[in-house]
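Chain nomenclature is as follows: A, B, C, D, E and F, assigned in order of appearance, with residue numbering initiated at 1 for each chain independently.
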Amino acid sequence: MKFPVHTSPYGQLPNSVTRLMALVLLALVPGVAALVWYFGWGVMINIVIATTTAVAAEAVILRLRHHRVKRTLMDLSAVVTAVLLAISLPPLLPWWLTVLGTLFAIVFVKHLYGGLGYNPFNPAMAAYVLLLISFPVAMTRWLPPEILANVQLTFGQTLHTILTGHLPDALTWDAVTSATPLDEMRTQLEFNKTISEIRQSPLWGDFGARGWEWVGNWFLVGGLFLLWRKVIAWQIPAGMLAGLLLTAGLFWMFDPETIPFPGFHLFSGGMILGAFFIATDPVTASTTPRGRLIYGFLIGMTVFIIRTWGGYPDAVAFAVLLMNMAAPTIDYYTQPKVFGARKEEDG
Amino acid sequence: MSEYALILVSTVLVNNFVLVKFLGLCPFMGVSRKLETAMGMGLATTFVLTLSSVASYLVNTWMLEPLGLEYMRTIAFILVIAVVVQFTEMVMHKTSPVLYQVLGIFLPLITTNCAVLGVALLNTQEQHNFVESALYGFGAAVGFSLVLVLFAAIRERVNVADVPEPFKGNAIALITAGLMSMAFMGFSGLVSS
Amino acid sequence: MITRKPGSWDFHGGIHRPDMKAMSAGRFLGKVPLPERLVIPLQQHIGTMAEPLVKAGEKVLKGQTIARVTEYIGASIHAPTSGTVVEISEQPVPHPSGLASTCIVLEADGRDEWGELPEPLPWFEELDSSVLRERIRWAGIVGLGGAAFPTSVKVNPGPDRHIDTLVINGAECEPYITCDDLLMRNQADRIVEGIRVLMHVVDAGECLIGIEDNKPEAIAAMRKAVAESDLDTTRVISVPTRYPMGGEKQLIKVLTGKEVPSHGIPAEIGVICLNVATTAAVTDAVMAGRPLLSRLVTVTGEGVKQAGNVEVPYGVLMSHVIEHVGGYSDKAYKFILGGPMMGFTLQDDEVPVTKGTNCLLVASREEAPDPDHALPCIRCGKCAEVCPAQLLPQQLYWYSRSKDLEKTQEYNLFDCIECGCCSWVCPSHIPLVQYYRFAKTETWAQEKEKQAAEEARRRHEARVERLERLERERKERLRKKKDALHKKTADSGTDPKKAAIEAAMKRVAEKKKAQAEEQKENP
Amino acid sequence: MGEEQKQMLREILLSATILGVFGILGAALVAITWSATEERIAANQREMFLRNVYKLVPKEQVTNELLKDVITVNDPRLSARPVRVYRARHDGKPLALIFSPVESPGYAGPIRLMVGIGADGVLGGVRVLSHQETPGLGDKIDEQKSDWILSFSGKSLGNPPVEKWKVKKDGGIFDQFTGATITPRKIVAAVKRTLLYFQQEKDRLFKLPAETNPPNAPNH
Amino acid sequence: MIGYREIIKEGLWNNNQALVALLGLCPLLAVSNTLVNGMGLGIATTLVLVASNTTVSLIRNWVRQEVRLPVFVLVIASFVTAVELSMNAWFHDLYKILGIFIPLIVTNCTIVGRAEAFASRNNVPRSALDGLSIGTGFTLVLMVLGGLRELIGQGTLFSGLHLMFGEGARGLVFSLGDDYHGLILAILPPGAFFGLGLLIALKYLIDRRLEERAARKAVQAEPATDTAAAPAEG
Amino acid sequence: MIIAILTMATLAALFGVLLGYASIRFKVEGDPIADQVDSLLPQTQCGQCGFAGCRPYAEAVAAGEADINLCAPGGEPVMLALADLLGKEPKPVEVDEGEHGIKKVAYIHEDQCIGCTLCIQACPVDAIVGAAKQMHTVIVDQCTGCELCVPPCPVECIEMVPVKTTLGTWKWPYPGQDLLQKPREQAS
């Protein structure tokens, strides 16, 4: 009798890239829901725009390169990229900027390198930085959390703003938008106000900034879910949080009135999202166990440095890109000791 | 003291010679195919750049300025650089054959690295004093080496990626450098604000 | 460290995969009836291929040595039954390549008549270990646990290495396989006897028998047999069930806490590891003077009508074995030799069972699904988490894929034990192990080529030198002649031999050019 | 000296000669060009400088030779680096002071300003000499890009009051750019600093003897 | 020895120093934020290239091996300084903008490279032509890259033209309109890298298209007789 | 102006002294690059590169006089190794891969051999044994497959035969797209 042949092992753990990506999307649900709750429908609209663009762009490229379109789209990685980008963007960003960013992420940062698995830089974050650098005004128009807002935009108004780039009549940007907590902290510090004075403002909540802290908490829930399902390695979030808290804590101890307390850093901006969903992007992160700790730690540290002394209020995207850049080198220097490595080979 | 630290941070990160100031790009693109070579090039450049930065400072302050020959700067500096490179090669050959074997092949390349002449010219433009010149040269070289090594490691990976045909090789390398440069923009403002 | 119990250590990684052993566990389906025709490959072991001692048409008796290896690493081959040698020829053998190799084809005469055997050595304790090693070598025993490495070589660690621990591998961690389990349950005494012999041969202080805890009957049987014997430094240790617990290095780590050095062998850390079946074969050789002629083979999977273990003399075709157990079921889809993690598929069941054959797994489509379309590696690191050799499979993969063999060495390709854990967990369904196998064999081939090139250079240089010397000598002679005769000699100046070579080279070049042009003209 | 060493020396001298010859030729080329362009370059620089200066002080009223009436001050109250002060006089009477360059940190690097202040303490104007601000954001301080820098003309320490010398966002009267507050903030601060310094030191500054060897032309 | 035609073709396209050899990158990337800047530096570089190639070719037989490189560097540095001084005198504003990158023409690897690889092995006319074509190729890339970045980044073309052609040229500036805010990234350093990367990929595509066309032509031309094919060659 | 010229001339001359000295003092002996190149070549000594054997080709490559893609037996791997060593751009090797894929060795049809020894003289690695007027044989293990012995043979009794793959020399294939081989495909 004749049989078909291929090589061992035979069989496969029921696990796949599609499943991983789906779990990531699932884990994003609580955080996204919180974002929508606090910041309105814009977040959802952005997600829809970005996802549609990403999937369409990927399909076109795959067709151009004569790859199997359906099968590759099925891996959902483009959707994850799109969603992560969309939730990093201000809720009222004009649609063409969202589209531009998504195209940059998918076409430039991902597919020029060959697509899933080959890109050395995090597509979503590269796109975010592109937009931030090129359109700083639009990219810093954040809405205040719902509790603090004096104007509530309806779904229709939000859609109108996103599609036209202009607010509905009778509304001004100044009335609608507000500085993000990180921006606020920087500006106030420039006025030589002390942290305790700054914290008097209603913008601040129990351990971070109002609204933002809860978004962070919900993302944390999703992140823990990912950890539990072993989708992400614990080293990266742990390293990143440690990197931020230790550096921030150290400086804060010496100068508590001009260096924001560590908890503030943790629960403002994209820190939690970054630690569990962005820095953990397996493709662009370090891949050795020790390397991942270092990689995470350096991201945390860089975030603190740029936030405290640099030109950008939120630095997660930059820190992630900077360490993406270093990841191959980190990997090179942190190869684990192989089973039975001899002493003299250790060095 | 902190002023000196600032010069270092500024040259290594904020105003990185390669990614922000656009100096020394040819070796950056040319000698970054392999990690080991990149490290060798980085080391050699650091040495030469620091030395030539100091030497050109001396020539400028003790020779050109007193004689009123500022307009001869370019010629004088490039000669100085060539001497330094040659001199380094000689010394290394004699005193440390091992080091020479590692770095020797890079030395001639450095003469035409415009970061070297750039540092000398920027030193006079920024009116750096002796220590500042030395630090500036050193910082620039460290910044150069840092991104060179990181770039080489990324390129080793990208080389085996499934890059679309038209982008294989230099095109994707340049795009990678662009993304690196974008990431480095995160450091802007670190020093002056 | 010393105070820790054997078996309380752990190895990195590994996987849990349903063990599927219930299908065949404890079921002995008897000895396969001898077929008329046996095909006995000359290469059933690691090392040099054996050279036949018989010729076509010759009559042989059961147990007679029919092929032998003169080099150190190798194993003799014996006639599994009496009969006539039909031919010595290329026959398909069980090998992933599907290639044919030299085999002795034997026509059984059905009498199963024993030939002359050496005397049993029950007083082995009074004998020098070299005598016993010679006996093991004579018996053609190779590792029955997988690699088929000649046991006589393994039990000779060399004069400057002292063996502390003999590890007996009864882990049998591969899913589906139960032949060692059966052996331990039914013939524990035979194994224990072998341990006594081996302890004497390698002069080990203790013996640890590692058995995975999913085989309680085997553990009990072995404990009983050990307790009844006079072996007081031998212990049966139940180890957790986790693939690849049975890997030599992993088992040694778990039992002794010692790590076999990278690129090294267990003897370097004072350990020798043998499989239970190998141990039993040693008993036969020493206590009964019988060579290795047959082995227990597990036949299992949804693709056979009846699963169980059978005793099979080597040389019997696998189709015959399957027939004996009741034939294929409708679900038969793939024919795997060995377990599902490390075995390999055969395209054809008309190949003989060899010393290394431990399992015939006839798998259904569900048991051995076709390989998936592989996605690119997303560097998730799952593979590194499970790699028992603590390698970075993802890096090995990147470099094997791009054929950067040098880099794969840097990442310790040769420490990979090909256990398949990485492929099993990879979410991108990449056939990782296949890449490593490719890279390993490619590296070996290049190594060989390099050696050949080195040799060629040496020979070429020697030749050039010789020609030059001859030329010098000729000139010298010529000059002398000239001097002697004071006569002008017409000297063309060119050496005819050299001219010939040059002409040859030119011709080749011209030919090439002509060919190239030809090709250019009609592409 | 052995034959070998002699040979060596010859080689060395030959190399030296070749290089020396080319050194002479090269230097000659450059020196000739220099002598041909020297004046024009100086004139260019002077002209460029004066072009800026006359935007800050009324040209027709200046009667002294501005470029010769220069002092250098080195005062941390004003700027981290030495600043040249050009003194404009009308028939010997103090007319205005031009501070150049006043250096201020910017968003992405130092910004160098030229500040002209009339003897009455009213700003003749401010110009940016060099900067490295972000194109599209901070670079609006450039006269070529927007009129923002002109908004200083005519202002003084009392107009607006000292506490209003800030950008609007911080409660002052000067515009910031959307998305870029830091750059204008720093410039406003630097101008204010210069005005304060002027207020305190103006008399002394006008009186100090001019430098004997004023530079040909300021070249920043 | 290659003909004049090939020299031109090599310099402009096949061996374009910026796109193929990746030399002279620093000025290429640094000064290509507007078309006019690119043109200015390109012309300066071309001048130096022609002069240095000619000189090197003239002296190629006199210069000994061990001092060859320093002599070339010296020659180049002299020309660069001459050009620098002249620009300072006659294009002062442009000179200010191009800044340090004019003296840095000395270390533009292209120039030493051409001196070594071409001028020191060829006669004067060839070398001069090589300098011209290589320089023009370099200038064209500078201009294309500059134009691209300027257009995307600030929505204009030819801005600053008056720096080269006097005030009258101001009117020639093309603008996408005031509403166009521009993708600022394009005129920042990353934009330069991206731009050049894309140009290189574009060149590859064009080359491949040309090759395909040539191949197709060859196939079509096959049945034609030798005599028919010959004129097409010349 | 005079000062300028003098200064530069002095500087340059000084430099010249240094360089002249350096060039003599530090003359590089031998050519280690050529050795390295040589060690990468397959040593078939076939001359297909256009040079009289591997060493001359190696020297030419080291001197930059020959391209790195001329060694046909070495094929792409050797070209890549050379590119890597010398830091040059890889260039395609101009041989059809199929030919080079299978290694061949010379085989002498002994019944036709007239014992003229011409092949022995042509073989660069002494892989042929035999004496005048006697049958000649190729030592398979030492034959590099260079084919140099084929043309000289007057009776054309030398044939290049492919080396057979055995269990010992078999290599696992590179995992391609078709990981699964259906039984029917193998039959062919």
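Here, contacts are C-beta pairs under 8 Å (C-beta built on N, C-alpha and C of every residue); 3 or more make two chains touch, one makes a residue touch a chain.
Quantities reported herein were computed from a predicted structural model and do not represent experimental measurements.
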- Common contacts of subunit A and subunit E? B, D, F
- Message: Taking each chain's centre as the mean of its C-alpha atoms, which one ends up farthest from the centre of subunit E?
- Response: C
- Query: Hey, which pair has more contacts between C-betas, A-B or B-D?
  - Reply: A-B
- Item | Chain of greatest Cα-centre distance to subunit D | C
- List the centre-to-centre spacing of subunit D and subunit E in whole Å, with centres computed as mean CA coordinates. 34
- If you average the CA atoms of subunit E and of subunit F, how many Å lie between those two points? 39
- Whole-Å gap between the CA centroids of subunit C and subunit D: 82
- Where the centres are mean C-alpha positions, what is the separation of subunit C from subunit E, in Å? 63
- Message: Counting only residues that touch at least two other chains, what does the list for subunit C look like?
- Response: 96, 98, 347, 370-371, 376, 431, 434, 437
- Message: Touching at least two other chains at once: which residues of subunit A meet that condition?
- Response: 2-7, 108, 114-115, 118, 130, 133, 311, 331
- List, in ascending order, every residue of subunit E touching at least 2 other chains. 66-67, 70, 74, 77-78, 81, 85, 181-182, 184-185, 188, 194
- Can you identify all of the chain pairs that touch? A-B, A-C, A-D, A-E, A-F, B-C, B-D, B-E, B-F, C-F, D-E, D-F, E-F
- For subunit E, which residues count as touching subunit B in their complex? 22-26, 29-30, 69-70, 73-74, 77-78, 80-81, 84-85, 100, 103-104, 106-109, 112, 185, 188-194, 196-198, 200-202, 204-205, 208
- What part of subunit D is in contact with subunit F in the complex they form? 8, 11-20, 22-24, 26-28, 30-32, 34-35
- Note on the structure: The subunit F residues in contact with subunit B across the complex are 3-4, 7-8, 11-12, 15, 18-19, 22, 25-26, 84, 87
- Message: Can you tell me which positions in subunit C touch subunit A when the two form their complex?
- Response: 11-12, 15, 17, 96, 98, 249, 253, 259-262, 264, 319, 328, 332-336, 338, 340-349, 363, 367-373, 375-382, 384, 388-392, 394-395, 411-412, 415, 420, 423-429, 431, 433-434, 437
- In their complex, what parts of subunit C are in touch with subunit F? 43, 49, 93, 95-99, 101, 347, 370-371, 374, 403, 431, 434-435, 437-438, 440-442, 445-446, 448-449, 452-457, 459-460, 462-463, 497, 500-502, 504-505, 507-509, 511-512, 516
